[in-house]
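Look at the two complexes coming up: subunit A is in both, with subunit B in one and subunit C in the other.
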Partner chain A sequence: MTVDMSQFYQVFFEEAGEHLSNMENLLLSLDIESPEQEDLNAIFRAAHSIKGGSATFGFTDIAEVTHILESLLDRIRNGELALQKDMVDVFLRAGDILKDQLAAHQNDEESDAEAARGVCEELTRWQHSDESAAPAKVAQPPESTPPADTATAPEQRYTITFTPSSSPTEHGVHMENMAAELGKLGSVDILAEGSAEHPVWRFALTTAAPEEAIRELFDFFAQPTDVVIESAAPAPDEEEQGYGFFTDIAPPEEETEQGYGFFTDVDAVRKTAEEEAQGYGFFEKIEPPKETAPAAASGGGAGRREAGPKGDAASPGKRGGDKAAPAAQTESIRVSVEKVDQLINLVGELVITQAMVAQTASKLPPDVHETLQVSLSQLEHNTRDLQESVMSIRMMPISFVFSRFPRVVRDLSSKLNKQVELKTVGEGTELDKGLIEKLSDPLTHLVRNSLDHGVESPEKRLAAGKPAKGTITLRASHQGGNVVIEVIDDGAGMDREKILAKAKERGIPVSDTMPDQEVWQLIFEAGFSTAEVVTDVSGRGVGMDVVKKNIIHGMGGRIEMESHNGAGTRIIIRLPLTLAILDGMSVSVGGDIFITPLTYIVESLKPRAEDIKTVSGRGRVVYVRGEYVTLLSLHDVFNIKPVVTEPQDGILVLVEAEGKKVALFVDELVGQHQVVIKSLETNFRKVAGISGATIMGDGKVALILDISSLVRLSQG
Partner chain B sequence: MAKSVLTVDDSASIRQMVAFTLKGAGYDVVEAVDGMDGLQKAKTKPFNLILSDQNMPKMDGLTLIKSLRALAQYKTVPILMLTTESSDGMKAQGKTAGATGWLVKPFDPQKLLEVVKKVIG
Partner chain C sequence: MAPEATQETTDEVTTNRIQEYLTFTLGAEEYGIDILKVQEIRGYEYEAVTRIANSPEFIKGVINLRGIIVPIVDMRIKFSLGEPEYNQFTVVIILNVNYRIVGMVVDSVSDVIALSPEQIRPAPELGSIMDAQLLTGLGTVDDRMLILVDIGKLMNSPEMALMDDDAAKHAEA
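And now, the complex of A and B:
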């Protein structure tokens, strides 16, 4: 039968991805001086698992890198090589390469073979960095996975099968000596110890000495015919066979071809050398199976004797140390986002329907209404709970985004020769999956920016009386219906004068009396960069405007900054919990209802006539708490016949976006609602000043105001 | 009645591949995600063959094999180690633990089937 392996690829990609990110996290948190054994084991296992899967599914490039990675990790976790910072760097780079390779396979593209080769070479170099110490260890042969290329110098590995023809009772003495003699040639490993019933010994010898030297040595002890020396160099058919039995299952002749053998009878033992090359075998007779236990027992000595470095791998001590392992399947199920979104949509409809029923019921005669009321409020309660639970399916902890930053900070700070510590606070804060995905890029940009422009070099910091090591803090928290994410650095802070000078140079209209908040917002202008030296990290002036666009337009968020010269900068991002629902204030304008997102509202007020002024070229402004704010009549913007024509008869809703305030003139405030956002673009077309629509309780459509674009509109 | 196989592997992709292949050949297949899970599942019903990975969280393959061999109902049931560890050391440990044989990763489905057929028909 042929099995289409490609059906398992997706699962492999996912699990390999998980292993890689786990590996990276573990590597980053590793204490280089005294790494936790459990962490080393977990890192090893991650590489090991990826190797197994990639080799099975034919991703040889991945298998190649992971193989070398694994061999090196194995030596480290066994204490044969000391971990070094540079080594971790190479591991991280190897992880990157693997991610690329994985992505390439996923997208049917070519990965960068050159880079992979480079990393493999580096890993191999580390692998052999202590070559001289190797013989002291029990043979640690390169794994037999074929694609890997760990050519170990000119050393050769032999499997020696020794079946003494003389009396078995003498062997005990001989064997001790034999092993010692072999040990002089290289590293020796006793594979099987003979017993009175099965006088067959097997040794694995890794040595640079020629085969003759080994034979000479045996000649001294025994008849030449008693000894079979075979080179255990990777046999070409190894991968073709790849399995084995330790017991009788087929006649020896076939065995040789098939590549398996039996440890329980002498014939089979003679065959084990071939078996080696095949890669599979049985330990004992499969029929009758009763012999299983005794056979295993007789092999016990050999097993223990050669446990060697691999012993750690099998020791129970490492259990539970695997943080890289995926959670047991029973704990979670994978559901496509589409299904979840459909559910969210349906619940959204349900919320609307519920509101309709409530509204209709309120028109019923009071006695009927009253009897309905109890069940209606119960329904409302349940609907809200249902909506919350469904929304929570899409919620993910922000640690999904934060987790990439230790690496970003590590790489970048060493590149810039800065010392930076990253602190993350509130990683458990949950927000919508859609937002999580969109947040990653802008946040990366902000962190890079803080590192590049904010945190100073150690010398400068020391001179300024600060600790040499700077700190960047990423903090997430819930505030009301918002998620607030802060990027805080204790660096030099932003230079107001420099920014203003730069803005003038760029022809951006500024005044020296601008409030700080507005000055800081200037850095989000396209093409704005104050970095004196343009680095490849940041400072090309592209990006911050994109960051702002992404956060505001892509995520319905807001971005604020605080900066103190010499003390650092705090960037505050406010995001809605989700893109699907919105807390809004409904306002009426000429009989139509509009929704103003609550996050933008500063206050609502009824102005006095004398506070309204008309400024030529700027239209009307209103005097609020010591400042003049542009007044924007929504009925003018949307061409609606107004019910209220004078601001003092209506209501002004003061909103703030992009650091600027505008007073929206509306007829009246209607109420506060949680509304389900429906896209206007997909159902109709993009309308300036409108970000979406929603269906109100009475079944009417209300438009949601796009405050940012209204603010821009008011600025002319 | 179809012969039943328990496949123990922490890698979902390998597990699925093994299960798919063996189910296609008419075997009943039960999957377990690590040694601990495998041991528990093995206790719930008798299997004709157990395929186990070596490197797994919670409980590794060797420990699983030893634990199974300690159970009366698994004294003689064939157990194959599926492992990338093809070194003699690993094989000897497997043998000591009581494994019936080994199958080196990577293997293809045909090879797997060939070996399984050889063991339980």
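And now, the complex of A and C:
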């Protein structure tokens, strides 16, 4: 009788994914010359955990790769092999293969066995690159290590009770695997087999391995509370001894193997610590493991859960800080985004309802309803606070995006034979999860572009009197209600003449006197590339237009550029903090209310009659601060009968999008609001000039203007 | 909200079961639609409707239905039936079709009628007046004739202009 393990697959995929990205981050930050022992250990632990899980679940391809990887890593961390840059490359490639294999298992597809074999061979070659110094015992995989060595760790008899919390309705074939895995630790007896009605398994295990090792086995497919491990004959002395050998001295590698990696997974350690607090534990006499564990153990893993599902992607910057923090303080839970979004929607409704009540109540005589008014203002305060806290759940540090770039820069610079250093500033800057996801592609394009077209080859740089190593800086910061992300390189800068020539060649209308800002915007035209040769890195002219599309249309952001010939380029992306809420100015046109996103507004003004000019009797322009700006009447665009027909009697809202300015002529400004964005397309269709809708304080729907498309409309 | 399971069943599945229809009037004509497509019935609040620029005349605009933006169509204008008057008796039938919510303005809602298959006659070709494809048939109750509309198909049809073309194709597939 077996339990269907497929219900645990998702947990394994998630955790293995975390281990992999953690491993990659650590590999990238490794100092090849003198790698930190802690980092090496953490990389080893990641590989080891994946191996353990994949073997348990019967993913043999993953287990094979990780096994070879782990053996090699083990030799490196034990100082038997010197780390080399090429080795790191192979490790990274192995990581990619593992990612593919994981994805393949997840989607029930075939993974590329050929590629996996290639990497395995390479890893094996490294493994034997120094045959003389490789004692046989090191290459031995932990599974085949003899179960017990009473000299170092006395045998213990454990009773394990495993109760899957999500009770399986049908049984699979993998319970044998689990029993087999347990068997590798020592001799195992199945005391009780679970059934559909009573899904509880009990095992008796006699082993020298510490409880952690057993727990780790279960770690991949069970909640900590699903597994209760009891020592059949608690022997405090022996326990102390069992723990002790790690605190005394660095353990000889043999013991580490045998102990099934006592510290291989910090989570396991921490889980025990938590359980101890819950009264599950039986090690009353000794300190919780987290105290005895050297800081090394908390390095890689402690910060992981804190930041959410992809926590370890963010960890390189944080690891240092977390080392000192006790593991228990970094508690968090995984919640599906769907639930969070539902919460945000509900709170959005609450804010609207609250505003409606307040509006109605404001019509009542205040002297009679004083307490009502006081309570309502308290309610308003509370709802705003609630909304802010709920919105903050979706906020994630931008390091989730930044963390992928060390790899991108590393791979690309070696491909292009360039020396590039990547600096990241402000990784802690938080923005909406939805934006984080959308930001990843455009930023990759921009960084690749900077690497390929911006930073010059070392020879050219030296000739220009610059250091051979170029620098690309990613910087994120909050400015007002916006998140500003900059991609800065100290490369050659953009060549104005070249761009203009290319634009003319492509038939894009340009003039030689165009301001720089407009010239730079040309590179975002579809199919535009100044690269002489099309490479597999860039030059096809796709990419930058995608960047623009994603950032402006997908995220309501803006792109600005600064470039100086020979000194480098700076691309500045301004994004709203969140996609769900927008700061807007409400304007009225013939009794209808429209919302203009504040990010686009340059200024609002009441024009003088003499500043309004007509062009060929039809189009109107307005003269603002030495500039002629196209005037666009919203009532014409939306076929509304306006209250005000002459611009000088109404208000002009000067907006800017895609580097162009337009003056929107409206009846009047109504006010400034923070509005919850609703899609019109859920139940209706896309409307020209409108990007979405929102619900105002009076319960009415107001439409949000799509400034980019209005600007394009005005350009004809 | 109507149970999701009923969403995709079209009115064609009228096999041998008795089906219930919500009947309403447009001008002098009486119409019936599958009751399972009806989410709720509301009064029409003229003030609460936000106009949508450059859309056909029968699309009155959008309303806020408990936080959801819902378009409102006036079938009297769409079918050119009677004078569209908006007063406290004007009714909006909120439909839940093809996972979308649409409000439909009618003159009045009459009742819910159960029709057996024998009571439903196929609709004759009506030429350009109305696509016979959009009709389930003509129902007979006593001396009254009910025009049974496949409301899901109707709301999906391009002439209603309620969906982007892509979405409409997707809904039909």
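Quick notes
Rule of thumb we're sticking to: the second predicted complex is superposed on the first by the 511 of 716 C-alpha atoms of A that agree within 3 Å, B and C clash if a C-alpha of one lies under 4 Å from a C-alpha of the other, contacts with A are read in each partner's own complex, and residues count from 1 in each chain.
Just so it is clear, contacts are C-beta pairs under 8 Å (C-beta built on N, C-alpha and C of every residue); 3 or more make two chains touch, one makes a residue touch a chain.
Small disclaimer: the values here were computed from a predicted structure and weren't measured.
When both complexes are overlaid on chain A, the residue A:S187 reaches neither subunit B nor subunit C. Legend: residue contacts after superposition of the two complexes on their common chain; A:N482 is shown touching neither subunit B nor subunit C. With both structures placed on the common chain, the touch criterion links A:N25 to neither subunit B nor subunit C.
By the touch criterion defined above, A:T630 reaches neither subunit B nor subunit C.
Contacts of A:I695 after superposition on the shared chain: subunit C is touched, whereas subunit B is not. Of the two partner chains, neither subunit B nor subunit C is touched by A:T596.
The partner of subunit A that touches more of its residues, comparing subunit B with subunit C, is B. Touch criterion not met for A:S111: it reaches neither subunit B nor subunit C. If you check the complex, the residues on subunit A that touch subunit B are 1-3, 5, 7-9, 11-12, 14-15, 45, 48-49, 51-53, 55-58, 63, 138, 141, 143-145, 159, 189, 191-192, 202, 204, 238-239, 241-247, 249-250, 260, 263, 276, 279-284, 286, 289-290, 292-293, 295-296, 299-300, 302-304, 306-308, 310, 313-314, 316, 318-322, 324-326, 328-329.
Subunit A contributes residues 345, 348-349, 352, 592, 637-640, 678-690, 693, 695, 699-703 to its touches with subunit C in the complex.
Remark: subunit B residues 10-14, 16-17, 20-21, 24-25, 33-34, 37, 53-60, 62-63, 69, 75-78, 80, 84-115, 118-119 touch subunit A in the complex.
Put simply, subunit C touches subunit A in their complex at residues 47-48, 50-55, 61-64, 66-71, 100-102, 161-164, 167.
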